[in-house]
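In the two assemblies presented below, chain A is common to both, partnered first by chain B and then by chain C.
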Partner chain A sequence: MTRPSPLSRSLLVLSGVMLIVWLILPLVPLLIWSFARGWRFPDLLPQQWSWQAWEYALSARSGVVESLGVTVLIATLATALSILVGVPAGRALGLYRFRGKGLVELLILAPVIVPGIAVALGLHGVFIQLGLTNTLAGVVLVHLVPTLPYMTLVMAGIYANYDPAFEQQARSLGASPLQTFIHVTLPAIMPGIIVGGLFAFLVSWSQYVLTLLIGGGRVITLPLLLFNFASAGRNDITGAIGIIYILPGILILLFTARHLSGANGAVGGFGRT
Partner chain B sequence: MSDRLRIVLLLAPAMTLILVLFCGGLAVGVMRSFNYMPVIGLTQPNLDAYRAVLSDPAVLRSFLLTFHIAFTSTVISAVIAIAAALLLRKSFAGRNAVNFLFQLNLTVPHIVGAVGILYLFSQSGFFARMAYQIGLIARPAEFPALVFDPFAIGIILQYVWKEVPFIGVIVLAQMQALGTDYESVARSLGANRWQAFAHVLLPLILPGVLSASVIVFAFTFGAYEVPLLLGASHPQTLPVLAYKTYTDVDLAARPQAMAMAVVITLLSGLMIWAYLRATRARVRA
Partner chain C sequence: MTRVLLTGLTKTYPGAPAPALDNLTLDIASGELTALLGPSGCGKTTTMKMIAGLLQPTTGDITFDGRSILRLAPENRGVVMVFQNYLLFPYMSVADNVGFGLRMRKVPKARIADQVAQMLALVKLPDLGRRRPSELSGGQQQRVALARALIVKPKVLLLDEPLSNLDAHLRIEMRDLIRGIQKDLGITTIFVTHDQEEAVVLADRVALILNGRLRQYDAPDAFYRRPADAEVTGFFGGRNLLAGVSAGGMFDCALGRMTLPDGARTGAGLLTFRPETVRIGPAPVNALIGQVVDRHYLGTQTRLRLAVASQTIEAVLPPDLAHAIRPGDTITVNLPPDSLWVMEGTA
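Our next item is the complex of A and B:
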């Protein structure tokens, strides 16, 4: 191909820089606000810097640390349950052809596309009957609706490239079903469990309206707290909570970029929350 | 153990959860939208809620606003995402770092992006301050309303910010799998750069772009927290209105909230259908 002229080359670089700046820009005011002591119009930067917002956010009375714990607990439980349920389902979809497979795939995919609010309004009525509203267990259960599809689809992909003959060989050499699973199956599917698990964790981590409705204001995760401080106009504390809230996702992206290169196509799913 | 039994056992836990939580939730919502609630003695289904919802001009305005947000966000995101993928597939110094930054906000929850957009574009936000510093405006109120505005500009800005990397990563993976051979052939046969893109590369990546766009459209159509934070108080988007109606002190309004949820679901059902068609087209291609 022809070599681009210096002018079109610098235009390309400029548009690339603008793209990246635009993608990072909305996060910058959050970081600045978290260290600002009053940041009035029309100052481009705060007149005074301070640790106040961080001190408050990390103190017991703000509820941020407690809420962080609740968010981690819910995301961890939802991830663990998604793994327990999604790994077998992924095995069925990846290894076998059977009648009704299309319907099963549709049912598993549907919660990704059908808006959470449509499901949650109906489910709220059921959960009231079951005593699950306003409880952590109820919130974990409702988070499974968006997390399970990702886990199952990732595992179906892993099992589609998996050869079950190794399991039969292990069995014929005298390994028990449990030994076969631990020493043969598990190492082979581990990359899928890690990627799918990180997906599921982030999807649960990002939920807002499902938690709000089923948790009924009793189960307060970080995004709910963030919204409260944002609508109360406490920009400095909102900034600090926002930074705390996005850190796990950025760490997970760093981890997957380093250890699981080639998983880029799968990382695309992070956006769907 | 037969394969059949094995498949049933492997799928049973996932199917149970999906049937109870997802299908059950939807089914109860549909029943309530028809005023059918045996628990509280309503055993005569009727269409009152749909009549009320579909004849309410406020709901129509909400629908149009929601459609405008979803459609505009999706189209702008897809176009920028294709351009970004064309840019990022080239080899250049620092490509890994740039790719990381490009994917960074995929992991950032929508609500954080919405707060960021608020701090950038509100009338006392960063861009308003810039406008003041260079003398374009004298007061915050002179800065154009880009959030809480009737055209939902702030909401669309947030979705474009969030969805460009989502579609972009998918398109980029597709372009890398395709390589540049097809375009090179077209160029050597006399096509110019634009023709090689429009007639060779674009048709090849279009199914992927379409299926990613369908996911984005369905998501932005049904999303709640971004329009809640960045939207005007009138009209509200359909999901915000449905939630507000559901949590209204007047419990009699709940069937109407359910009817709105059913309308949202039907529209996303249409999206699933379009999505499956798009992915099937990709398999054939």
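Our next item is the complex of A and C:
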């Protein structure tokens, strides 16, 4: 690697600063609000500080803890199902040629292109007939609409660079189909499962419209609760819940940055310079 | 010790106009090292994969010691295939790669470690167990792949182009290693190759497959001395082919009347002889006078083309004998009767 010129160095610093400004700065008012007791327009900082919003947010009355549990459960189940469906689907798309493959690829991408609300309105009728509306299972299923495309596409990319002859070699050496999957296939596709799984988790975590429509207000995830407090004008509580809400995103970002990029990164071209 | 019998083995891929392998019958003796030889796409790798259980034949049967193995899953056949690109598992150390088959059979760890050490010593890589496959050279990777296959004590070992990816000096080393281990352990071994030299230096017997069909199954030297037809001759680099009629121990062709060895085929046929059997100088029989068309120096030998009557014949001579011969010279050569071979076919 060559030493960067002073100009490109300063550009690098500038872009780093701007990235921080864009990503971190909007969170600062959120953090301040969560500790504020009244914060009116001309004041730069609140007049008084308090733990009130946090006490309320973490108490049973607010429903935050319960809804955090629901959100984690839904995102985990949606991720698990995405992996279950996305890994074989990605294998088919990445490894095999078949008739109508282009159409399948388009259909898999469609939920990402078509607005979620259009999909959800269409699904709503079907889910009513199946008795899936207002249930956790229904919400998990509808979350697959936006999570599956990410999982499948990531896995298709992994499988496109994968040599299935390794599996034949393992069978020939005496491994059963299950042993072959565990010892040979899984280690090779693990980076894809991790990246795709994290995507799926975050996409499910941030669903609002789909949860609202299919859950019918009975299944209350964190974004729904957050929106309730925000529209009620409770900026302090919104701030506290908001901080809780973005935590998994930040943790996952740190994890991916540590494990999936850099010189020993498991996923080439992912955060690698 | 396992005798492998292929009977009427045929594989037609869906949508393909002709079978990739057509009615192959091959009897491979126990403990023998057999080459499946043919140009790429001739069906030899298909054959190998069917023996390994990685492909199902369209028709035909494969038996080991008389028992059909077609219904057995690849992991239960006792066959191990070593692929051309070695396919060492990149996430495992060399030792873990070699021990893979034993781990899959749930052999206790201590015994695996012992056997891995033995195997690595056998392939002469005793100290590399902790390395990653990516840190090894091509030749070392191949030896690891061989050790990984041998550790499970296969009944039948399949090698895909075992010498093709190696450079010249490594090929000789690897050939000696494979032959040595194969003879010591007595494993029935089948390998495929497109390189006739690789086939003859390594194998006890060679099966030549052209366009999906078995053309000749014989000892290596037979392909040079007694080829089955013009195509086999051509595949082994023979270019001297003369149409004519064989009768009463003589062959009448464009070169004249040639004296044949005893027992030669009679009737219309093709006469062939290896360029390296052509002798310089006169002789009581089969002497020819020709003009040198051109001369190519090939290092250990020199190739001459001679115009004799209306034909061109090819001769390969030691360089010191060929040294004084120039293009345009008229020389006398002779073809020892024992070197002549008459086969079926017309020009």
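Couple of notes before you dig in:
Definition applied: the second predicted complex is superposed on the first by the 239 of 273 C-alpha atoms of A that agree within 3 Å, B and C clash if a C-alpha of one lies under 4 Å from a C-alpha of the other, contacts with A are read in each partner's own complex, and residues count from 1 in each chain.
By definition in this document, a contact is a pair of C-beta atoms (placed from the backbone, for glycine too) under 8 Å apart; a residue touches a chain by one contact, two chains touch by 3 or more.
Predicted, not measured: the structure shown is a model, and the values here were computed from it.
In the three-chain model built by superposing on chain A, chain B and chain C fit together without any clash. Looking at the shared chain after the overlay, A:Pro187 reaches chain C, while chain B stays out of its contact range.
By the document's definition of touching, of the two partners only chain B reaches A:Gly86; chain C does not. In the superposition on chain A, no contact is made by A:Ala160 with either chain B or chain C. Between chain B and chain C, more residues of chain A are touched by B. Once the two complexes are laid over each other on the shared chain, residue contacts for A:Ala232 go to neither chain B nor chain C. Using the contact criterion defined above for the overlaid structures, shared-chain residue A:Ser176 touches chain C, although it does not reach chain B. Taking every C-alpha of chain B against every C-alpha of chain C after the fit on chain A, the minimum distance is 9 Å. Contact residues on chain B toward chain A in their complex (touch as defined above): 3-4, 6-7, 9-11, 13-15, 17-19, 21-30, 32, 39, 80, 83-84, 87-88, 90, 96, 98-113, 115-120, 124-126, 128-130, 132-133, 140, 158, 161-166, 169-170, 172-173, 180, 184, 187, 212, 214-215, 218-219, 221-225, 228-229, 239, 242-243, 246, 257-258, 261-262, 264-265, 268-269, 271-272, 275-276. Those residues of chain A that touch chain B in the complex are listed here as 1, 12, 15-16, 19-20, 22-30, 33, 41-44, 84-86, 88-89, 91-92, 96, 98, 104, 106-126, 129, 141-142, 144-145, 148, 152, 202, 205-206, 208-209, 213, 223, 226-227, 230-231, 235, 238, 242, 245-246, 249-250, 252-254, 257, 264-265, 267-268, 270-273.
The residues of chain A lying in touch with chain C in their complex are 163, 165-166, 168-176, 179, 183-184, 187-188.
Taken in their complex, chain C has these residues touching chain A: 49, 52-54, 73-75, 79-81, 83, 85, 87, 89, 91, 100-101, 103-105, 148-149, 152.
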